[in-house]
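Should a chain be cited, it is by its letter among A, B and C, assigned in written order, with residues numbered from 1 in that chain.
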Amino acid sequence: MKEKNSKAVKWILIGISVIFFLLMLVLPLLEVIYRALWDGIASYQAALTAPNTLSALKVTLIATVIAVAVNTVFGIIASWLLTKFDFRGKNVLSTLIDIPFSISPVIAGLAYIMTFGRTGWAKPLIDGINDALGTDIALVFSVPAVVLATIFVTFPFISREIIPILYAQGRDEEEAAAMMGASGFTIFRKITFPHMKWGLLYGIILCAARAFGEFGAVYAVSKARGKTFTLPLEIDALYMAGSADSITQAFAVSSLLVGMALIMLILKNIVEYRGKRSDI
Amino acid sequence: MKQVQTKRKKSIIPGFGISMGVSVTMLSLIILIPLASVLAYSFRLSGQEFLELMTRPNVVRAFVTSIGCALAAAVINCIFGTILAWVLVRYEFPGKRLMDGMIELPFALPTAVAGITLTKMYSDTGFLGRAFEKIGIEIAYTKTGIVIAMVFIGIPFVVRAIQPVLEKLPASYEEAAVMLGASRFRIFWKVIFPEIAPALWTGFGLALARGIGEYGSVIYISGNSEKNGTQVVSYIIMQKLNSGNVDYEGAAAIALVLLIISFLMLFIINMIQHIASRRTNV
Amino acid sequence: MLTAACMVTVFAGCGDKKGDGTITFTNVSYDPTREFYEAYNKMFAEHYKEETGKEIELVQSHGGSGSQARSVIEGNDADVVTLALAHDITAIEEAGMIEEGWINEFDRNSSPYTSTIVFLVRSGNEKGINDWDDLIKDGVEIITPDPKSSGGACWNFLAAWQYAKQKFSGDETEMKNFVSDIYKNVLVMDSGARGATTTFVENGQGDVLIAWENEALLTLEEYPGEYELVTPSISILAEPSVAVVDENADKNGTQDIAKDYLEYLYTEDAQRLAGENFYRPSDEAVLKEFADTFDLSVNLCTIDDFGGWDQAYADFFADNAIFDEIYSK
């Protein structure tokens, strides 16, 4: 009796999950593919090789690579700080790091414009640096602006993945090594890094996925199509271009991002699997 | 800082100074200083102007919409997220690995893509929209649409928060309870729920915080109609910035309130995690 | 350190100056001009090459008119702006980036092309929408963008207001009630004109779209047989303005190109191109060539009837002005 009952519950729960999963996650994906191929393969290819799309792809990749690099460095250092030492204000610091995680991306864009824009207070500072170095760097409405906005929204992604792992691992090994006179770098390389390896990779993948998909923050600081647009902005531009053709093109470019997202998910699963195995 | 250091047992692991320095510098340059500019702008409003702005009907309504829809979405996510996590941890069935792998799709999928796709699907010209229209339910351009977009972006937070906890929870717990004759509902309520509660709160908080500030995926599917209450807070901020008379102070002030809400929520989440981790470690 | 170094390299590599002498030139415009400027830029690039023998790379930026003006003030490096209303360009002038008197720098109040406000309805016009009156009927669902963030939406509002003014011979209470009733029927209020068109056309919302004439005509061409254009008895002559952004043009050394770029808009070829893209050419002779496309008999008021844009904006669209009043009723 109990056995039967439990089976029924099992399949009901699985059923609910599958329906929810299909409706919320799989259907949107199919919709993108379906709309992308609306006008056939030829126009699909044309949409993907349009100069604006290629330029957007380039900007997206630049922003993603730099954001991942910066956030990896930060993530490793911050997680070392937060898990290996005790100090006052630790909770506040860890909360501050997490801010971009839940902040409205609109605010992120706004923050950069208010700081580095033509009317921002840091503008004279940047002009001064540009004059001194003879460069022409603009931190708003430019590729560097896109990069900065991307770094902002993905800032905590890597530290958040490593911190729990390092917490769980504790400090004993490091303390022992330090007592034996190992240098900080050696301790990190020989003891800490092997522990965080998989978590770090996992964080990098999530960070990259979020970075190439960012819309709101980048939207605020990037205005020139074909120059500083990223793929999500290009999709918005195509969607807004009004004709049925361009909407199909918008979905074609979307399918590119969906493809990149799926690759990230597959990588993530491989990393997770390997990570779990190496735990044993 | 130094005082505390000497009072407590000084860590012998090297690198405190440099890691503290680098972390705080990067955090300041990339996050805190730009955010401080938002703060500075909003402080240009006098207290009275601030109050007047915050009590304006469209602003109040937008906050009600954003928080209300995000709450509804977070609750839905907690229910389905718990079921999904449970199914993924406890049962074996074909396609499970695929499902597990795809949970993070909303993280990876750009919000703009999610936005236009959901709008297409649920508007009258999309097939789900047409189906729902037949039974008299309009989804796109209504609050329901906003909630659906927020459910979409929030679901991974809940599932991924609960999953590890359930994995650690030995099945022998429930078996013991079954043997003692507890009903299924009682088992869940008395044995499992307390264990996953902190994680559930974390997931709930993250999904809620994400939903309240969400822009990209919500903006296409919401009707942006003040009357129908489909303007979200992010939209009001954009509206203030896009209007013919740019209102930086107003935008910054609303952004600040949003920021404080996010910060508080994250702080509470961190506290919960802190307490929970202490409890399990003891 | 390594990241810092790598960031600096990338940032430095992103400067606008290219080695081969190609000049980059940016036109910051509003939403519905995408197609027109895409075609115009090709035309101008050829003209420029003929004149100077040099290549020019033209960069376009589109968005809601107000937000585009703001982006220029905040540092979007526009050499010229071609926006939906003079008020947005005045905002840039007030920021000290455009010299005073810009409106007289080019012909016809610096408006090389004009447009007006019309209704777009679904084929068959089942709800019988023929004039502003019909918009207040029960069950009519209207799509129009948000005047708070869209220049086009401001024109829509003012056209309705002008109709009410004539209908109620200037009785302000009646006028407010009338326009308020129109906005009660608004189903979706997008942030920009383009978004509103997409909502109406692609996502099938509403019975009538209050739109730019050029948007409406473009939709008719894109979707033959699916929509009808209705010209109301009274509308407004929308004069999108153009100007050189002096501060940027001086810095970039593009002052001459900028003038040439905007003056060239008034040549016959460019005027014809505007007409083909459904903007009313400001050149009377060219406009007559398009008599089939445009309803030239509409009763059009102009922004001067409202005391100019700055006055109109203060009266109607500023916080707590008439729009807020009627919309929150």
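Quick note on the criterion: contacts are C-beta pairs under 8 Å (C-beta built on N, C-alpha and C of every residue); 3 or more make two chains touch, one makes a residue touch a chain.
This is a predicted model, so every value here is computed, not measured.
Ranking all chains by how far their C-alpha centres lie from the centre of chain A, first place goes to C. Inter-chain contacts peak for the pair A-B, counting C-beta pairs in contact. As a whole-number value, the distance joining the C-alpha centres of chain B and chain C reads 37 Å.
Centre-to-centre separation between chain A and chain B, using Cα means, comes to 16 Å. In chain C, the positions touching at least two other chains are 73, 202.
Among all residues of chain A, those that touch two or more other chains are 70, 116, 120, 239. Contact with two or more other chains is made by residues 120, 126, 238, 241 of chain B.
Within the complex formed with chain C, the residues of chain A that make contact are 62, 66, 69-70, 73, 113, 116-120, 123, 135-138, 140-144, 147, 223-227, 237, 239-244, 247.
Every residue of chain B that touches chain A in the complex is listed here, in rising order: 1, 4-5, 8, 11-16, 19-20, 22-24, 26-27, 30-35, 37-38, 40-41, 80, 83-84, 86-88, 91, 93, 95, 97, 99-114, 116-118, 120-121, 126, 128, 151-152, 155, 178, 184, 206, 209-210, 212-216, 233-234, 237-238, 241, 248, 251-252, 255, 258-259, 262-263, 265-267, 270-271, 274, 277.
Within the complex formed with chain B, the chain C residues making contact are 64, 66-67, 69-70, 73, 85, 87-88, 91, 146, 148-151, 154, 184, 186-191, 199, 202-205, 313, 317-319, 327-328. Residues 57-58, 119-120, 123-126, 140-141, 219, 223-227, 235, 238-239, 241-247, 250 of chain B touch chain C in their complex.
If you check the complex, the residues on chain C that touch chain A are 2-3, 6-7, 10-12, 14-17, 26, 28, 31-32, 34-35, 59-63, 68, 71, 73-77, 95, 192, 194-195, 197-198, 201-202, 215, 218-219, 222-223.
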